[in-house]
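Next come the structures, one after another.
After this come two complexes, each holding chain A, first together with chain B and then together with chain C.
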Partner chain A sequence: MTADTAKNFGPAFKTNWWARAGWLAAFLYAAYAANYLDVSWIRFLRGLGNGAEFLAEMVPPNFSRWQLLSANLMETVEIAIIASAFGILFSLPVGLLAARNLMPLWITWPFRTFIALCRSFHPVIFAILFVKAVGFGPLAGILTLIFASIGFIGKLFTEAIEEISLKPLEALRASGAPFMSVIIYAVLPQVLNRFIGFSSYQLDANLRNSTMVGIVGAGGIGGTLFAAFQRFDYDFLAAILISIIALVMLSEFISTRIKKVFQ
Partner chain B sequence: MTVEAQSDSSAHPQRSICIENLSKEYVKGKPVLNNISFTVQGQSSVAIIGPSGTGKSTLIRCVNKLIPPSSGNVYISGENITHLTGRNLRMARRKIGMVFQEFNLVERLSVMENVLCGRLGYVPSWRAWLRKYPQKDIDNAFSLLDSIGLLEFARQRADSLSGGQRQRVGIARAIMQEPHVLLADEPTSSLDPKTSVEIMELLVSLSREHNIPLLINIHDVELAKRFTARVIGLSMGGIIYDGPPSELTNDHLKKIYGGENWLQ
Partner chain C sequence: MSPAPLRKWERFTFSERLARFAVFLGFAVALSISLRSVQIIPEFLYDAPTQVADLFSRMWPMDFAYYPAGIHDAMMETLHIATLGTLLAIVMAIPIGILGANNIVHFPLLNWLSKLILVSSRSVNSLVWALLFVAVFGPGPLAGTVCIGFRSIGFVGKLFAEALEEVDPGPIEALTASGAPWFSVFLKGYWPQAAPAFWGVFLFRWDINVRESAVIGLVGAGGIGMVLDTALNLFFWNRVSVILLSIFVVVILAELFVTAIRKRII
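For the complex of A and B:
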């Protein structure tokens, strides 16, 4: 019990030198990069002054062009909803076919690659590509967000399927159930809740992203927003930003409601 | 009793499990099952006993090809199912009901939906999806649930049930297949002793009532002796004992499980 009779068992926890070295390296690199990119306190203070002027010009927000604003908002919402509907619809089979616990390698491999491709570009890059491919306007925006949705929901859905319990599947296979019935009865009930969650989150994300694809000409309020920037039309800009905030909050409210229904 | 049994089995002379020289090796040269042969027919219930890791689960899963055997043959009611694949295998599996240690229900579906899962082999997927089962199946499911005392739970979710109730649902699902044979893989291992006895009673009585030969994996020797007419003792992948429970001696048990202190 006493100190002199106690055996020496050695340290209770192993020191992880690799982790410590990693943290140190990350810190040193951050300091180096900040220096290299001229991110300094003085530069920050200068920026703050600029920001104050900018903010001052934004008040009061100018809602006089509300007709243009609401028409643009409507288009934004339409892009988001159409893209979400098709994105969710396509990501269901794609996610299923990419699940490694249900499908053989030669099926999962191409679908996993497809999902990875959908995720590899930011929506803005997709939007630029689609504007070039199908021309200016909402169609390019819709296609952009469909691919973004497949990349996001597809991946999460695949992961959800890969985490399910295989016990009910075993039972249904043992009873001679056809493959589609096994999917419908043993797989979908286990992942449906999470799929609804991913989908409503993606609808949310699509609303936010559809305000942005317009900047490169793919339809929606983004185009007007960018034009207001370039014309130094800051009071109208403030009105646009406020309506986007309202829109996103509204969609968040709705998606919370949707999730509650499916709990 | 015997007369009734005979008349019943003559009505279904084909119902049997016949295992012939079955071997299974996961790793080459290390057989888990070594040249197993036995037949279960008619109204009999047979227990397979043996220590964990001796291949009981593998054996029972080789019967319905959930695990493909390395060599040997399995006949269900005379049909060799060993080399079936795809649709033919599915058709054969409909004849084999299976009850699992951990029930293997779809937790988020209702009791009724779980019981009707036993009909999925007979109902096209789109009908199953829309829950458009033949009325006869639904009537059968209701009366089966009634007979096992779960009628009032039919519309509840399976995960709201207790362990014993869930296993009853698992058994009802297997019976819904109208199987020729019934397999049970450690059906009582996740249950308390009292519920275990109830589940064994239910399995044996349903097997009698529907005239289905029953093959049970069970590590509890007392339960096996109490409820089955024949015990097969498995050890190291081979059959050590095959006979009535009354002739199963401590010597046999020593051979099957090894050691002897646990027998006192």
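For the complex of A and C:
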């Protein structure tokens, strides 16, 4: 009886040979790459021993230098806020100029390249270049995050504009409205809500990144973090990490509240 | 006959407008406080264009001969770190994602634990993770791979958990009713429905990781970043420009590759 059913209907689930081959390939690749990178089990286990020591030195976190810590956190937040304000301000025109349904090709092309450039480099690389250009301190961090914001908001905003309905534009143009009125009354009302959404997300992202740009000298808590690492000051390091995580969680909480306001 | 009184239509209620206004006001206040208290030396800003021009003049002409000599191997190492790190992240993110999906695991404490792991992974920046693992494993690609893996758990795990929570309960019920063991229910009920989203997330994260693995070398975690760091410290600006150009090209190629695959499988 059972054999009969099996003959008539086949197995309940067909074997997916492609999936199996894919998993096998992934496994083989992992083995090859681990060998290439000289990643071995012995080194990993030795590292785990170091890791245990490392964690033991981090406990208990040392909050005795809380004044330095809070001053650094303030600077981090300041960098994030200023950079977001200017980044949002600049990405509005850049996004409009890069939209292919509003502008001719010779305008969109350079702006799209600019956005792609801002996006493809990690903020740290911008931070290094700006530290060379304007010296150590928060200014380099602010400039870095402005470019990162233009890359992110600019790209998404351009895509949002390219998806709008063109009918209101046509109506305004037919009635002889000048270019700025077309933008203000036909384009922006369709995309402003999404723009605010991207902006609040970017504020969050800028805060995360402003904790890091200090590692290369661009202001904020990253500099203190890096110094704590180099001086093996691991209990202070733990305090810094805990306050960064707390700050990021707080900002995530605030940004979800803001999103609710604008829904 | 008098005309009917005009009704006033409004898009938002009074409290909605008040909340919006409060957000804008709060941001404006925060901005003005920040602008007043941040320590910026304005002379440095005025000087910036000259400095940037100087930087570019030092970067030109690019030293392309350095690519085969010093960059190519490091670039391959970066790509391997990104890929192996993403695979590592998958291995760790699948169990954590399952723990976080509240329709599979019904213990709120475990859900909460998984959320905590995911949030910590995302809050700590990749460079900070890299510093941690360089301290643990010593400089080199092993630290970089583990750093990329730990950094990506948060992203992959969160989206995988969300994909699992959106699964249609019909097939699960059918499998449970026919007495399938838990593992079969997962493999044949949950996985086929969540797999497309999962592979999409994997590709997306790989694309991000190519970008990130290019810089974690700056703190000693292997790959092209270490070459960049050396060139920067020795002021070889014409090498720096070639390194930046090759990072740009690889990142763009990775993005095009991911977009092409996503179009085919989704």
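Keep in mind that, in the parts below, the second predicted complex is superposed on the first by the 228 of 263 C-alpha atoms of A that agree within 3 Å, B and C clash if a C-alpha of one lies under 4 Å from a C-alpha of the other, contacts with A are read in each partner's own complex, and residues count from 1 in each chain.
The rule is simple: a contact is a pair of C-beta atoms (placed from the backbone, for glycine too) under 8 Å apart; a residue touches a chain by one contact, two chains touch by 3 or more.
Just so we're clear, the structure is a prediction, and the values are computed from it rather than from any experiment.
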Exercise. In this superposed model, does chain C or chain B come into contact with more residues of chain A?
Worked result: C
For this session: Tell me which partner A:172 touches in the superposition: chain B (first), chain C (second), both or neither.
Result: first
Exercise. Does the superposition put A:116 against chain B (first), chain C (second), both, or neither?
Worked result: second
Exercise. First (chain B), second (chain C), both or neither: which does A:181 touch?
Worked result: first
For this session: Based on the superposed arrangement, let me know which partner A:189 touches: chain B (first), chain C (second), both, or neither?
Result: first
For this session: With the two complexes superposed on chain A, say which partner A:57 touches: chain B (first), chain C (second), both, or neither.
Result: neither
Exercise. Counting only touches as set out at the top, which of chain B and chain C does A:163 meet: first, second, both, neither?
Worked result: neither
Problem set entry | chain C contact footprint on chain A (complex, rising order) | 13, 26, 29-30, 33-34, 36-39, 43-44, 47-48, 50-51, 54, 74-75, 77-79, 81-82, 85, 116-117, 120-122, 124-125, 128-129, 132-135, 137-139, 142, 208-209, 211-212, 215-216, 222, 225-226, 229, 241, 244-245, 248-249, 252, 258, 261-262
Exercise. In their shared complex, at which residues does chain C touch chain A?
Worked result: 16, 19-20, 23, 27, 30-31, 33-35, 37-41, 44-45, 47-48, 51-52, 55, 76-77, 80-81, 83-84, 87, 119-120, 123-125, 127-128, 131-132, 135-138, 140-142, 145, 188, 211-212, 214-215, 218-219, 222, 228, 232, 244, 247-248, 251-252, 255
Exercise. Which residues of chain B touch chain A in their complex?
Worked result: 64, 66, 89-94, 96-98, 100, 102-109, 113, 117-118, 120-121, 123-125, 128-129, 170, 173-174, 177
Problem set entry | In the complex, chain A residues that touch chain B | 167-168, 170-178, 180-182, 184-186, 189-190, 192-193
